[in-house]
Amino acid sequence: MTLKMDANALMAFLRADFGQVAQDFVVERVAVEGLRLRMPVADRHLRPGGTVSGPSMFALADVALYLAILSRLGPVALAVTTNCAIDFMRKPAAGLDLLAEARILKLGRSLAVGDVMLFSEGNPEPVARASLTYAIPPAVPASPATK
Amino acid sequence: MTLKMDANALMAFLRADFGQVAQDFVVERVAVEGLRLRMPVADRHLRPGGTVSGPSMFALADVALYLAILSRLGPVALAVTTNCAIDFMRKPAAGLDLLAEARILKLGRSLAVGDVMLFSEGNPEPVARASLTYAIPPAVPASPATK
Amino acid sequence: MTLKMDANALMAFLRADFGQVAQDFVVERVAVEGLRLRMPVADRHLRPGGTVSGPSMFALADVALYLAILSRLGPVALAVTTNCAIDFMRKPAAGLDLLAEARILKLGRSLAVGDVMLFSEGNPEPVARASLTYAIPPAVPASPATK
Amino acid sequence: MTLKMDANALMAFLRADFGQVAQDFVVERVAVEGLRLRMPVADRHLRPGGTVSGPSMFALADVALYLAILSRLGPVALAVTTNCAIDFMRKPAAGLDLLAEARILKLGRSLAVGDVMLFSEGNPEPVARASLTYAIPPAVPASPATK
């Protein structure tokens, strides 16, 4: 099994197609075993008390696994999140970046499934855990007419 | 069963304690049966193609059920989301507000559970469905010394 | 929208194709709005203390929604459960049958999504709540050669 | 961190308190890192086509994590499953035992969270993945009067 996109290619894809969120994330490592995504925590991610908001953690998990799938399928694919189950287990530490460790558990023709652990940098105990499913659209052969 | 907070009280609570997100939501109806929350969709909620982002839908579901719980318990409680399972079923219609219909299924001493249906305004078919669990901290009797 | 299978047809399907579990369930009502399935609680469903086991409640929710999908698609379809999120909220009452109220929220070409509420008969407060996703295999046109 | 129950103690607990299901499971390994539980697949676990039923896989995941929690807390605790999210990813291989690898992600005072991977013995790709939450009742000090 080989990867079709490396960290630079994934970041370029994010900037081109998801400009609004690209500044929130940094791909730190991508391999067949999984992908590590960093979220440099900024004021816009916080809730009262300095904790990172639930939607920000959801976004981190979702983007991490989405990029892991793209790294395998290449930029053609337009996977769509169909389901997410997320457990919020600990309050993220104030002032620390969040790291997501995403791994793909199944990459089928029409569905991909994976899970993600979220950590405050340097803390071994996860702040959250998520599993997500993506629908993968049927492959459309590129034709000169549609380019 | 009576409600301890009405729509105005809930909106005042949001503005005071969650200023960053208060502008995203409008409580439209609150009753024992459930709460309706509107998200006036703005550019910051969108993804390429004009669709509402997953984190925005997650936030709408989470805030709707959180406010439904507050309407029963009053502003003292500080419930924390511990779990969410969400199904994204249809692409939200471009240019339409999202509406959340939240209902509480269990309001126990330490856990509250409920579910939420999300709709593009005017469309009967839900765009998403979520169930969420909240941990409710032990009630702390107010004492003069801590006021 | 019309139904392709009524309660009798669904029960006949269960007995023919799922003989091991058919005795556990009775279809009480089937309509476009949803399906009600009864589980006459027997000793084999119980855990210590007289409560119904988690796997038995999971099975009730899964079969109820599966039959609701069949009622729409007909017996050709072989839907497969891909995901379930279930909340156990109250201890089922000892000595009472369980009732499942299942409804389909999306019936797409490749995925179906729905949710189910479980009740101890006569009690208005749900004992459990589940949402489930099913993968629907591509329709295979019947041909004389394969019959 | 030390374990309060080893594999033999957990099996004795299952036989004493959950006699109906004890014959379905064998604790193969228990450590702080996690617990491995085997389900010797028998006819009663099967569905048409020789595949293991969803409720049987749910039960395997639930019991595996429940025993992992008991191995930490000891037999006093009576944890109750409050939530499960499960993904069914591949059809279990016919004629092979199922193995569950359970790990605890959080063991708080009132809630425990963990996840479980299910495998057909000898196959590296998981057939299912589950995350579960348990409510842990407040510790009741043993008193001579109640013994």
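Here the chain labels run A, B, C and D in written order, and each chain numbers its own residues starting at 1.
We adopt the following convention: a contact is a pair of C-beta atoms (placed from the backbone, for glycine too) under 8 Å apart; a residue touches a chain by one contact, two chains touch by 3 or more.
Since the structure is predicted, the reported quantities are computational estimates derived from the model, not experimental observations.
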B-D or A-D - the one linked by more C-beta pairs in contact: A-D
Most distant chain from chain C by Cα centroid: A
Chain C-chain D separation of Cα centroids, rounded to whole Å: 25
Inter-centroid spacing, chain D versus chain A (mean Cα positions, whole Å): 29
Intercentroid distance (Cα basis), chain D paired with chain B, Å: 34
Where chain A touches two or more other chains at once, by residue number: 82-83, 85, 87, 89, 133
Residues of chain A touching chain D in the complex: 85, 87, 89-90, 105-106, 113, 115, 125-126, 129, 131, 133
Chain C - residues contacting chain A, complex: 82-83, 85, 110-111, 133, 135
Residues of chain D defined as touching chain C within the complex: 17-18, 20-21, 44, 46-48, 53-56, 58-59, 62, 80-89
